[in-house]
Each structure stands twice: as structure tokens, then as C-alpha cells.
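After this come two complexes, each holding chain A, first together with chain B and then together with chain C.
So, the complex of A and B:
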């Protein structure tokens, strides 16, 4: 009996997709440079159906790749040719809300209201965003997960309270990119909405000054609700697209949002302005009203599609560095842009040191995609050299396997594989993603770079 | 060659202790009901010495128990009769401080300035405290760990930035009670000191009202920097000891601290007062000045020793429950106190739902210690039944192994053991702690209690 037939014994007919035309819909996530249709797609509606699917796949030794909304940027939901693509979008119920405990329990297919992605995807990638500088990553806002192992065993990880005994498998599962288990429910913390928020825009003549401004704000003990940077190319593209009111003569701008009690905001904004002026800000503007505040953010949020208007394709990178190296690493990226002959725009979560260089290229021009990928890989290696990491929030997926060899020692990678075997000894969950084999690292020829040494000479002065 | 001789080849003579009189100093941590001298104590000064000790113990298959300041309350640092006690107190250097990145890197033996414990111990237990409602547990304030495995391999976990790729072994190591590896350096986040803080004291005629007051404050979207509860016995003992100015006619008091910008505090305190009055607070007092604020806290902090003055011994429990069940669970603990014939005082982190019932007993009265332990075990089971956990911040150690059988299913315990094997296949690190064997659970006869069902009938109405 073939796989689809077996699956149809467990699920309603329409929940099993095996015809090639329908399968092609699932052949990639948002890293569309990689495409591979799965053998079969399943669309369970309940945790028990998920369990039954996993047990079957475990028995038949069939690979399983989980997928939420398919918005992932590192190819984590790229299907396996011989495997099941397990779509969790129909597990989309809000199971309970408890205001006194300030928690909600939801299924993984529930959509994150701000964006298109699902909560399950947020858990799988430990997603961040504009506000995680103050409010933390996904992990910092989770209390509990229900997980099915590849053997179909149900694990309750974490608890409804602040702490849980035993090893922190909740954290281990979060950000594990579908390699350790399948999440079937998520208990999140609910945060009170801030009473008010205000945003300040600062313009700089030098990118480096803006980078140093970010470090100075944090060093001053200010915790912004968001601290974003855009460079000239991004400013121009955004301004041209949505008319946010950005200064067009700046090399970089910062958007610094403060939220909380109105009196606190009123007290903090002048401090931010003062710190940024001391770092060379040529203009500091507080949004005059809510509508201007929204407009400032619209420009930031529209920056990616805006850049899509000026280049046929872009490749969005994701790396993180200690804030004090922002200026130096941006200068290094500028130099690499010259070297690779591809323009790059920077729009990113500067407060976290989470870079998002967008490499502009033309996929129809022979060799440009490969050049963009090589450039991107180099940027990630620079992040590691600066004492940072190869991902801030997008995960490793298939995209950054080579850079994992740069980030980690052989001993560290071996420890990851040992943990994987503790959950999935046959390697059936999302095989080939997130953690490279030592053989692959040997083939890639990567040597682990000892972090924080800044071996590129132009950075020595920082 | 015997163990001490081998160790003396690796370490200076005075760093290896093997004479019985000196060993007895190390025979227990702060859970002094359990005592066991180790075979030998080692006092390394460097990570390389730690590595050499671990390699030797791994080669000889000798158990290793790590110890910080020995202030742990669950017996996590209880020595092994045939093993090495690895004291980390001489690894006490502050390695670096980076204000721009707001981080510091320290060795595990550095003392937490507030209290006697070490940072390494905080990591091993994922410690909490009064302020973790707003500022998180230890894990929420960590960026990176350097860890030596039992094989003497060095792992760099986490990163100097917000996120790191790969499985979250940083979180897995945190709170793992010395079972997975030995921490040799810790990178912590540095938080800006709040500009101001103020405390409000609220008195209640009924413990239940105070419990409901806690839930109501949180449900109102207020995030206090501390929200502590004390019941009548604790109030009386503290007042008699340090004259904190507590009302002696109350059944319970809450201390609610708000910190941040002075204007924010001024705006929040009346909201807290209003919410608590609506829940039946008979008196609400804001500290008139800094000296009264300090006095209110002195009473709270002196409550444990104050209770030590009215009973020969006390047994401090540690469990966590969803806040909405505070009133009901405290009533249940009161009923159990009658049943076991032992007085109990409650002084605890109410905002987190983290209970600290102190069972008062006399170790010299035959049977009282055993009765206190049975009572304590029962309290933890009530926490699990209420949808909570058997530890908030003190860990499992040897104390709560039986209750782990209540908290977790066999599948979950098996998963913990699988993770342990991924780090320490021979089970040499802190054997017999934190995670019970399935055999032990079978002997204990515990059945996993499905959390959140509140099977005790007097709670059904909540």
C-alpha cells in the first residue's frame, strides 16, 4: 500500500494531497530560490490526526516536514522529495484565554495578527521583530507547548506558570525548526497594551554615526520599544514609494520608539534626542501626532517592497552583531558591495544588532543569483567574526547550513546532533535542515572562526 | 593510584581535600536534612583545571557534583559518597563588562551581590526572586554560557547577541541542576537601574481576598516590580522581629512595588490601590518615604529568620500555581496544616504564583520531620493539581524527586533521560538528582496527575 493510501485511512480524503499540480503549490516557502515538491501533503485538523500521521511516518520511516504559512525566509519548510509535508494551518483554534493569568492557549496554525505568519512558525523559528528589543523574542513570551514526538508521544513542555522543573525542553523546542517535534498547542503570555507610544526620527550624515548612536542609546540605559535603522538606499526607496516624510539628504536614519506611560515617554524622548545629537545626528524630529508616527512606521514597513521596485530581485540576509560594532560592520558590508558589484540596502532592527542587508540583483542576469548568495554568505561570516551570529530571527533552514560550520566548532555541532538523536534517532523530522553534518562542513571547507576577534583590519580600531 | 592522588597531579595540593574532618564541611547544602560527605573535594581556579578534572573523572567513571555557595534549598549540591565534589567558588573573576552592549561576562563563582549565592548556582537552578515578575528568571537575563562537558569538551552556548542559531542549549543548560555540564563562564545582561521605586502595602481580612487581589492586579495590565504576600503568622513574626510597621489585625498583606519613571509610578499606584480595594483590601498605604519603603521590605526579607524565632525548625517549600487559584490553594494548605498538625506560614512571590509555605516543626520531636516532609510533598501535589509546578525557583535536587513523578508522565521523564544521555551517557554528572528514574516513580507509586483539574472538591467553585 502506498503512502497516500495509508494516509487516507487516517484522514478525510480532501486532507491528503498527492496530485502533482496541487503539490507544486507547496514546493517552496518564502526562500523561493529552493524548490522541491513533496511526495504528499497532509492537512490535519486535530492533534490526534497529527499524532496518527507521525506514527505512520515513523513506522514507514518517511521524512516529515512541518509547514505553517510558508513565510519562512531560510527554507525551513522546503519539502522533502520522498516525504510528507505536514501543513498545520487547519489547527487554527484559539483554545482558551485567561486574563487573570494573562495567558492564551492557541493551536499552531493561528495567524499572528500583525503579519501573515503563524504562531507555530514563530515558535519553530523563535521569531523576533521590531519590538523584541524591549519585549523579547518568541521564547520570552511563551509559557507552554504541547508537542508530538516522531513516535507520536505527547509531551507537555513548560507550564502555565513562570517556571517548570526538569530540563527546559520548552526552550529547546523553540527555534528548533521542526527537527525535534511537532507543536500542537502553544500557551503564550499576553502583554498589556502600552498606554502610549511615540517615535523619534534622527538623521545622520554618516552611517557609522547612526550605528554609534544606537550603541549610545542602549548604553544610556534607555530601553526603546523599537530602534530601527535605514540607510540611504532604503530611505530613498521607501520615501519614493510611501512618502513617509524621511529626510532625503541623510546617509542613515534611526527610528526610536518609546512606549509606556505618557509622562515617561515625555521624559525619555529628550534624553534619546540628546544622546543621538551627541553622536552626530543632524536632525532629530519627534512625530507631531499619531498620524505622523504611523507614517514614519509605514516607511519602515514598506521598505522591503519599496526596494523590490528598484531592483528585479532582492535577497534578504539576517545576522546579528554586538551593537558596538554596528558602524564598522556596515562599513564592511559597503566594501563587500563594491567587491561583489551588487548594491545593498540596510533596513534593520538596529537596537538588537539584528542586521537585514538586502542584496539587490537580477535573477535573469546570468550569475547574479550565485553572486548574491556568495555575498550574503560573506556577510554572515563577517557577523560571526564580529562576535555575532548568522541569524537573528529567520532561522538557518537550508539557507545557512554552510555558515553554521563557521559559527560552531565540531564539538558543538556534534552536541546538536546528539540532542537531535534524543528526540528523533532516525532523523525523520525535517532532515537536512538547520544543523549541518560534519561531512558537509568538511566539504564546505569551513573553519570555525573564533568569535569576536574582528580579523578584518579596518575594524581593528573599534 | 587512588582518586586523590590522581587529582593532585592536576591541581595544587591545597586544591584537593580528602581528610574526613575537612570533607564534613561539604556534606550538605542548605537542605541540611540530607547529609553525605564526598570522597574528595576539588577547588579549581580556572576553566582548564575544571576541564582536566572532568576528563579524569570521565576516564575513571567517577561521579561529579558541582557546588557553588551551597545555599541551594533542594539538595542539588548534596555530595556523592564515591564522587568528586567540584567547588566552583574560586572561579570568581569578573571577566569583562560591556556597557554599550549592556552585558558582563563572569565566572560561575562570582557572588550575586544581593545574596550569598553564586551566579553559577543561579544558572544551575534558574533562580528567581522578588523581581522576576517584571524582570524574568535567570534564563531571561542570560546571553551566553561556556560549558565543559563531562568529556572535557568546551561548548559555547548562546551568543553575545539576542539570538543564536542551532538548538537552544543555553536554555537547556540553565536550570539543569548540574546534570548536563559544568558552567565555566556566564554572560549576563545588565539592566538599567530603575529611576525610582515605590511600594504599597495592602491589608486584607481574608487570605482569599489577598489572593484574588494579586490576580486582579495582573489582570488589570499592571506589571509590578514585585508583588509579595505574607499571611498572619508571617506578619506577626516579622513585626515582632523587625518592627516593619505591618498591620497586626490583618489575615494577609500584599506588598506591591512599582518602579520606573517617577511620573509612571505616581500614575500606577492609585490604580493598584483601586484594584485592591475592589477586592476587599481594608487598608492601603503607600510608603511615605524611602525609609518607610525600606522598612516594609525589611519585614518581608526578615520573615524567614523571624519564623525561625517562633519554631525550632522550618521547612521552606517552593511551588508555583496559576495566580487565579491563589486563594483556593492557600485555603487548601490551611486545611492540610490542620490535618498534619503542623503550623504553616506563607511568605511568597504572589505575583508569580510562586508559593513559599514554611512548615514549622521541631526536629527533636519524634516523627515531626517526617510529618513536615509528608505535608510538604502534599503541598507540591496540590500545586500540580491546580495546574502549577513543584518548583518556582529552588529546583528539584533530591528533595522533590517523588513529586517529579506526579508532575510528569512516563514519556516526558523518558525524554528527559534521553536528553541527559545526549550530554552524559554514563550518568556521571550529579547522579540521582533532579530527574527520577521510572523505577523510582513506580516504587513511589505515584500516578501522574493531569494538571489543572483541581480534583479537591473545595476548589471546584474557582
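So, the complex of A and C:
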């Protein structure tokens, strides 16, 4: 009996997709440079159906790739040619909300309201966003997960309280990119909304000054609810697209949001302004009212689509570096942009040093995609040299496997593989993603040595 | 006893122990030796592997060797108006950062600023094979590879010897006040949860059996406004340190002390003994000679769990027994780091 026939015995007819035209819908996530239709797509509605699918795949030794909304940027949900694509979008119920204990338990397919991605996707990637400097990443806001192992065993990780006994598998599972288990429910902590929020825009003549401004704000003991930076190309594109009121003569702008008690905001904003002026801000504007505040943020949030209007394609990178190296690393990215002959725009979470260089290219122009990928790979290596990491929030997926070889030693990668085997000895869950094989690294390393000098000799190596 | 000063010495000791399958009892200063089951093995203390490796206040990150005393690190951070957000209990003058991570114990600020795990950005550790591995890093956001640095928190040295850690730090608040009011236990639970549902600058909430205490922390303006909302009278703010260090009279008798983790709004449990609530009700001390099984059962019944923290039968099972499927995963993870079972065997559970 073939795979889809077996699956149809477990699931309603419409929950198993095997015809080529429908399969092609699932052939990629938001990293569309990588495409591969799966053998079959399943759309379970319950945790029990997920368990049955996993047991079958385990018995037949069939690879399983989990997918939420498919908004991932690193190819983590790229299907396996011989495998099952396990779509969790129909597990989309809010199971309970407990106002007294300030928790909510939801299924993984529930969508995050602000953006299109699912909660399950957030857990798989340990996602951040603009507010994580103050409020933390996904992990910092999670209490519990229900996980199905590849063998179909149900594990309750974490607890409904603030700590859980035993090994912290909640932490291990979060950000594991679907390699260790399939999440079927998520309990998050709920926070009271801040009473008020206000945003300030500061313009700089030099990108380095803006970078130093970020470090200076933190040094002053201020933890903004958001601290975002855009460079000239991003400012121009956003302004042209949504008319956010950004200054067009600036090389960089910072958006700094302070939230909390109104009196606290009133006291903090002038301090932020003063600190940024001392770092060379040529103009500091506090949003006059809520509509201007929204407009300032609209520009930031529209930056990616705005850049999509000025180039046929863009490739979004995701390295994180220590904040004090922002200026130097941005200068280095500028130099690489010249070298590769591709423009780059920077729009990013400056407060936590999480860069999002957007490499602009044209996939229809011969060789440009390859050049964009090579440029991107270089940027990530620069991040590692600066004491940072190749991915702050988008995950490794298939995209950054080579750069994992730069960030980790063979022994560290082997330890990751040992952890993977502890959950999935046959390597059926999302095979080939997130952790490169040592063989792949050896091949990449050989290439790498040929490429020559370290990009950042003056920086201490972490 | 081994008390190495260099990574090379630790590596050599671990390799030898692993080769001969001889267990190591890994610790810092033994300030929390009472916590968890006893370990029979060659004592290996990290206390001489100490010192700050890097501290960049503008990065909100500090990197220290595992044997660094918590007190020394806190003094350094205070000199730059910063602090460890998780407010770890020392429970001894020489308590180390390695011990803080190994036990994963956090203080009164936990519900409002995160626990030990939330403070850890990266670690370097030596696993049983003797290799020195680095996981995580020094930046706030890092999702490359499995999150083994945070997995290490609370493992009581059973997966690896932590030799270095990078920790997130926070600015010290500019204003702080402690308020208290006398109420019954059930009312204390209600109040602490009502406060937590509002956007108040709360940084601790506890109930000592007589009065409920709240610590407000932030800017002068927000603290003043929250004081008016919470009410009660001002109390000595040293209360929190005495609570964290278990110097309050509550902790000073010989009865077994249980640490009951509960959903914060759960009604007080009907168990014989004396209660003390911390973490806004999510963490409840119980001083009791009741049957351990009754205590564990009641804690699970309200959606939590109970750990025998100090005293009683530590050689039994002070920590809850995981369900079989979970225990099997724990055992496979233990094997992935320590196949011969030489790293603090049995401290957390007999099987690990």
C-alpha cells in the first residue's frame, strides 16, 4: 500500500493531498529560492491525528516536515521529496484562556494577530520582533508545550506554573526548527498592556553615529520597548511608499519607543533625546500624537515591501552582533556591497543588535541570485567574526547550513546531532535542516579556506 | 578533592574519570549541597576557576568563569548601576555563578523579570568526553543550533561541567519601595494576582502568613502612582534579601521545607504546616512534616508540583518523578552528554 493510501486510512479524504498541482502550493516557504514539492501533504485537525500520522511515518521510516503558515525565511519548512509535509494550520483552536493565572493555551496553527505567522512557527524558530529587548523572545513568554515525538509519544514540557522539574526541554524544544518533535499545544504567559507608549525619531548624518546612539541609550540605563534603525536606502524606499514623514537628508534614523506609565514616558523621552543628540543626532522628533506615532511605525513596518518595489527581489539576512560593533559591521557590509555589485538596505532591531541587511537583486538576471547568496553568506561570517551569530530570529533552515560550520566546531555540531538522536534516532523529523553534517562542513570548509582572509581581523574572536 | 584552576586540568580530570567510569561530584562552594540527592564520587570544585572575562555595560552582558562568586559579580554590576535580573539566592557567602545555573534557583523578582534561564545567553561547558563546547553567545537574540545553554539551567551538573557563562544584565531601577498590609492567606493570593493583572511596576510580591508585601520598582513617577493604587504602609526593603537568603524566622527551624510551584491564582492548599508565598503566589514554601506523598499529590492536583527543598529524606526522591515517556527522553539526553554516567550521577533523579 502506498503512503497516501495509508494516510487516508487515518484521516478524512480532504486532509490528504497527493495530486501534483495541489502539492506545488507547498513547495516552498517564504525563502522561495528553494523549492521542492513533498510526496504528500497532510492537514490534521487534532493532536490525535498528528500522533497517528507520526506513528505511521515512524513505522514506514518516512521523513516528516512540519509547516505552519509558511512565512519562514530560512527554508525550514522546505518539503522532503520522499516525505510527508505536515501542515498544522488546521490545529487552530484557542484551547483556553485563564485570566486569573494570566495564561492562554492555543494550538500551534493559531495565527499571531500582528503578522501572518503561526504560534507554532514562533516556537519552532524562537522568534523575536521589535519588542524583545524589553519583553524577551518567544521562549521568555512560554510556560508549556505539548509535543508529540516521532514515535507518537505525547510529552508535556514546562508547566502551568513558572518552573518545571527535570531537564528544561521547553527551552530545548523552542527554536529547534521541527527537528525534535511536533508541537500540538502552546501555553503562553499574558502580560498587562502598558498604559501608554510614545515614539521618538532621531536622524543622523552618519550610520556610525546612529549605531553609537543605540549603545548610548542602553548605557544610560534605558530599556526601550523598541529601538529600530533604518539606513538611507530603506528610509527613501519607505518614504516613497507610505509617506511616514521621515527626513530624506539623513544617512540613518532611529525609532525609539518608550512604554509604561505616562509620567515615566514623560520623564524618559527627554533623556533619550539628550543622549542621542550627544551622539550626533541632527534632529530629534517626538511623535506629536497617536496618529503620528502610528505613521512613524508604518514606515518601519512597510520597509520590506517598500524595498520590494525598488528591486525585483531581495534577500533578507538575520545576523546578530554585539551593539558596540554596529557602526563597524555596517561599514563592512557597505564595502561588501561594492565588492559584490549589489545594493543593500538595512532595516533592523538595533536595540538587540539583530541586523536585517536586505540584499537587492534580480533573480532573472543571470548570476545575480548566486551573487546575492554569496554576499549574504559573507555578511553572516562577518557577524560571527564580530562575536555574534548567524541568525537572531529567522532560524538556520536550509539557508544557513554552511554558516553553521563557521559558528560551531565539529565537536559542537556532533553534540547537536547527539541531542537530535536522543529524540529522533532515525532522523525522520525535518532531515537535513538546521544542523549541517560534518561532511558538508568539510566540503564547505575547503571552499572557505580558498576564499582567503578573515573579513574582520581587528575584532576579537569570541 | 580536585579544585582545578585551568580548563586543561578540568579536561584532564574529566577524561580520566570518563575512561575509568569513575563518577565526579561537581560543585562550586557547596552552598546548596542540601538541594537534591547526594552524589558519591571524586569531589571536583569549580571555585578556583573564577573571574570576570568580559563586561560591557552598554551590551547588558557579562561573561564570567563558573567559579565566580555571585556576590562578587553583583558588586561589580552594582558599580555600573546594573544587576542580575533573576535575583539569585546565594544561601552562602561563596555561592558561585556555576551553582546558580546548575540549580536554576531564582529570587523574588522571577515572575516579573525572568528566571535564571532567561538570564543565560551562552555557556561554555565540558562534557563527559572531555571536549570543551560553546553554546549560545553574548548577544540577546541567537537561534543558531539547539538551545543547549538554556537546557543546562537546573540540570545540577548532570549533563556537563559549566566553566563559563554569558549573562544578560539589567539596569538597576532608580526608585524602589516596599509596601505591606495584614491580610488572610486567600486574600493575599487575590491581591497579588490582581496587582499582576495591572500594568504596575511590580518587582516582587510575597505573603509571610501575616502580611502581604509588594515591591515596586521603576521611575519615581510610576512608583509613586502605583503606591497610591496598592495601598498599605511602607516596610523595610531588606525583607526581600532576607527572604531570598532564607534568613527570616520562618526558615529557622528544623522541619522539612517544601517548595511548591503552583499556578499563581490557585487557592491555598489544605495541607498541614506553615506556608510562605513568594513569586506572587506561583512559588509557595511549605514547612511541614506531612506525608511527602500527600504534599506531592496536592501540588499536582492544583496544576503544579512539589520539591523537597531542604531537610526530610533527600536520599529518596526530592524531585517529582517524571512520566515514563519523559524520563526515557531525559535518559537519552543524559546519554548524549554523559554516556558513562560520571557527571553528578543521581543528584537530580536516580536514573540521571
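Some notes on this structure:
Quick note on the criterion: the second predicted complex is superposed on the first by the 446 of 462 C-alpha atoms of A that agree within 3 Å, B and C clash if a C-alpha of one lies under 4 Å from a C-alpha of the other, contacts with A are read in each partner's own complex, and residues count from 1 in each chain.
Everything that follows uses one rule, which is that a residue touches a chain if its C-beta (ideal position, glycine included) is under 8 Å from a C-beta of that chain, and two chains touch if they have at least 3 such contacts.
The structure displayed is predicted, hence computed values, not measured ones.
Using the contact criterion defined above for the overlaid structures, shared-chain residue A:312 touches neither chain B nor chain C, since it reaches no partner. Of the two partner chains, neither chain B nor chain C is touched by A:341. Judged by the touch definition given at the top, the superposed model places A:192 against both chain B and chain C. Contacts of A:270 after superposition: neither chain B nor chain C is touched.
Look at A:12: by the touch rule set out above, it reaches neither chain B nor chain C.
When both complexes are aligned on chain A by C-alpha atoms, chain A residues 98-102, 126, 128, 132-133, 136-137, 139-140, 149, 153-156, 159-169, 171-172, 174-176, 180, 192-193, 215-216, 218-219, 221-223, 260-261, 263-264, 266-268, 320-324, 352-354, 387-393, 395-396, 400, 404, 407-409, 411-412, 415-416, 418-423, 434-435 touch chain B in the first and chain C in the second. Residue ranges of chain A in contact with chain C, taken from their complex: 98-103, 125-126, 128, 132-133, 136-137, 139-140, 149, 153-156, 159-169, 171-172, 174-176, 179-180, 192-195, 215-216, 218-219, 221-223, 260-261, 263-264, 266-268, 320-324, 349, 352-354, 387-396, 400, 404, 407-409, 411-413, 415-416, 418-423, 434-435, 462. On the side of chain B, the complex with chain A involves touching residues 98-102, 126, 128, 132-133, 136-137, 139-140, 149, 153-156, 159-169, 171-172, 174-176, 179-180, 192-193, 215-216, 218-219, 221-223, 260-261, 263-264, 266-268, 320-324, 352-354, 387-393, 395-396, 400, 404, 407-409, 411-412, 415-416, 418-423, 434-435, 451-452.
In the complex of the two chains, the chain C residues touching chain A come out as 56-61, 81, 104, 110-111, 114-115, 117-118, 127, 131, 133-135, 137-148, 150-151, 153-155, 159, 170-172, 174, 193, 196-201, 218-222, 225-226, 261-266, 279, 282-283, 303-305, 307, 319-320, 322-323, 325-326, 329-330, 332-333, 335-337, 348-349.
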